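Take a look at the structure set out below.
Chain nomenclature is as follows: A, B and C, assigned in order of appearance, with residue numbering initiated at 1 for each chain independently.
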Amino acid sequence: MSSVCVENVWKSYGRQTVLERISFTVEQKSFIALVGPSGCGKSTFLRMLLGDEAPSKGRILIDGEPLMAEPSPDRGVVFQKYSVFPHLTCLQNVMLGLELAAAPRLGILLGRRRREAKDISRAMLGNVGLGAAENKYPSELSGGMQQRLAIAQALVKKPKLLLLDEPFGALDPGIRAGVHETLLELWHETGMTVFMVTHDLSEAFKLGTRVIAFDRRHTRPEEMEAYGATITFDLPVYHPVPKPPEIIPVFAEELDEKAVRYKAAV
Amino acid sequence: MRRLINQYPSVLNRLLLAVLPFALVFLAYAVASEARLADNPADKLLPAWATIQAAIIRMGFVPDMRTGDFLLYVDTMASLERLAIGVAFATVIGGIIGILQGLIPYVRAMMVNFTSVVSMIPPLAILPILFITFGLGELSKVVLITFGILPYIVRDLAQRTEEIPHEQIIKAQTLGASTWQIILRVVLPQMLPRLIDSVRLSLGSAWLYLIAAEAIAAENGLGYRIFLMRRYLAMDVILPYVFWITFLAFTLDFILRFTQRSLFRWMYRGQA
Amino acid sequence: MKILPKFAIAALAALALVTSVPAQAAPKKDFKVAWSIYVGWMPWGYAADNGIVKKWADKYGINIEVVQFNDYIESINQYTAGSLDGVLSTNMDALAIPSVGGVDTTALIVGDYSNGNDAIILKDKKSLADIKGQKVNLVELSVSHYTLARALETVGMSEKDVTVVNTSDADMEAAWKTSDVTAMVTWNPMVASIMQDSRANSVFDSSALPGEIQDLLVVNTDTLNDNPEFGKAMVGIWFETLALMQSGTPEAKAARESMAKASGTDLAGFEGQLKTTKMFWTPAEMVAFTDGDLVPAMDKVRNFLFTHGLLGNNAASADVVGIEFSDGKIIGDKSNVKFRFTDKYMKLAADGKL
């Protein structure tokens, strides 16, 4: 439930300008889809929101406060790959965020508090349709299930912002649809602000309440260094509030499991 | 006819081919030994199987005339103890430095050149320094083993740590992890199996340094015995000791591999 | 495709080529002898470098190669394996390695015996009895070990009263400098160097064991019997070199200086080591020693070897290897004589018949 204010942000690496003059404001509970051709800096922008990189000029405010200069628990993230920890089971992956906060020294909870963390995490796994997979390791999951796990792991921290960097780019279309439904449902429940980078326009318009496109205005070779990409269009998208049927997460999970079996058979 | 690279041996032939090099070595030994013994029945260079067998019984199953100990047992225990302590130190120190160097930019800036330079020092070249600094006792042997394999472990672990996807480190931070918690919950658990791999690959060198150290000054140990027996060309003792060392090395490797597989199932699940 | 049987046959054929039969003893022209650094053996290096070896080899119409080995034991092992015709060795090592290994070996030249070159050195302690309970660094199973065993007998102790730590001879001097080394048995030139330390006290040395630690040129008995010229040439080389050293001429000084340098010391150091070495400078002295009673010395040596398990697996007693002396007397197994003393060639030198 947070607003984001981007004020004249520039980003350059050495003499190479990547982004310039990025300014926009996002009200709380938005679902922003960032689109653009590859190399246009949309992922760089997401990393700045994340705090992994700092703007060269300008600033980003969340609820009026300047962004922390390093990643923090108020911003959850899901990458296309490597978002979950391979050495932890699904349940442990989701619990990790709770344990780190509650046990600063060892990062491990014991006894009653561990049981509580487990209950919360199990519920979260259920929300993303992974209830039956809590003791599996990520390497045993399909791509779609891994991304569901990554979402659950991020959301258990109740972040103000959820940042998604091409989260569904590696998924098969059928599986992708199922994860979309889950994501939308969770977004409606939590009311957090979502930023999603995607190169898939239909995905952007399907999920986003607002689609922002980055592109370079100057594309002659001699201009490429001096000018970066900036916002080329910024479109609000209106769609009726979807009412996802209860069956969908289960269905999606089934679909995922079919994909796993299929892969194993091949 | 198909190309050679596309021809595969049958199951039986594969087995025969696997056995062949071993069989040839044994056969070559038997023939050469026979020829030398026909010329000189007391030849020490290539003793007959019976002589070797007698030496095995003497070293392994009959108490020594002077000390009353079973020499093979005493030597094995002494060597394994040195090896274990040396490798354990290298593992712990190497694991800590390697992870810190791989994860923390300040440590990397300080250590990366230092470890590459140190890893270029041939450990055997500093053996005399070790002996003068740490004496001729157990300490210098253990230090030689530790020092010998430490640079490799540090560099390997640092590299493995750097190979952890940056996304994971970011993700851990978005889950609120401090640097210490990232080490404890994200990096260390993923590096432990890598560390075991690293130790496995270092064991060959560790044996080398152990035997070199024992050759120079020792009261017991597998390398000590080999070099002592070399003085009297007692190949009947040296050959079984070499086999025994090979067997021990093989067993240690197997134990480490087994430990890794059973403790870190997450690495192997779902990859069939 | 049944290529495997063919492959196996080819491999066996290759194997047959690799496995050659050891050379048989027979008259031959080329001989190879190895020496290593030791005060009493330095004349060999000088003789090889200054044409004395070639002169005598030419005289008898043969070729003799005198090579230096950096590793004493390796040279004896090579001799035992059959790739050398002769080697410079102590009586103890010659008995324990080639003779026990079935290589019939003759002491052609009895060059000297250690008369103080091997010493037991204690740190800060002044008497041999103080060695009790200490760790003693030495080359195990070498003449140092023998010296220790004999020394302990003289004060009513045995090896059980000390702990022997096998230490490489190359590291003795460095080892002495470390604090955990308190007792050491070693030989010259290490003894001389270690004794410069004010804390070092020599509590026993081989001058108490006269004639027991002999430094020999040993040769393969069969080779010698088939090629007496080889024996004559070697004895000729030896005494010509010794005579040169003793001549008192500028050449003598130059020769001694070159030997000193080759052994890594200076003239004074080399002369000092010669003082603790009982050299047999003339053929007559050598014959007198060789024909004297060597039985007690060899008996002690073989008993040491037996109690340390160096006479082989199946040795029931020290008698397992026969030792023949120059008068034909044999101790040990008469049917298995593998170590022999002979005065035949040194007598030719004494009589001027070379």
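Basically, contacts are C-beta pairs under 8 Å (C-beta built on N, C-alpha and C of every residue); 3 or more make two chains touch, one makes a residue touch a chain.
From a predicted model like this one, the values you see are computed outputs, not experimental measurements.
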Other chains in touch with both subunit B and subunit C: none
Chain of greatest Cα-centre distance to subunit A: C
Most central chain, Cα average position: B
Most heavily contacting chain pair (counted by C-beta pairs in contact): B-C
Rounded Å distance between subunit B and subunit C, as computed from the means of their C-alpha atoms: 37
Whole-Å gap between the CA centroids of subunit A and subunit C: 82
Interchain centroid distance [CA atoms averaged], subunit A/subunit B, Å: 46
Subunit C contact footprint on subunit B (complex, rising order): 7, 9, 13, 16-17, 20, 24, 27-28, 31-32, 35-36, 39-45, 51, 54-55, 58, 65-66, 128, 131-132, 135-137, 215-219, 224, 227-228, 230-233, 236
Residues on subunit A engaged by subunit B in the complex (per definition of touch): 50, 52, 70-73, 75-77, 79, 81-89, 96-97, 99-101, 104-108, 136-141, 150, 153-154, 157, 159, 264
Sites on subunit C touched by subunit B in the complex: 1, 4, 7-8, 11-12, 15-16, 18-22, 24, 73, 77, 80-81, 96-97, 100-103, 135, 137, 139-142, 159-160, 163-168, 171, 174-175, 177-181, 307-310, 312-314, 338
Footprint of subunit A on subunit B - complex, ascending: 165, 167-168, 170-178, 180-181, 184-186, 189-190, 264-267, 269-272
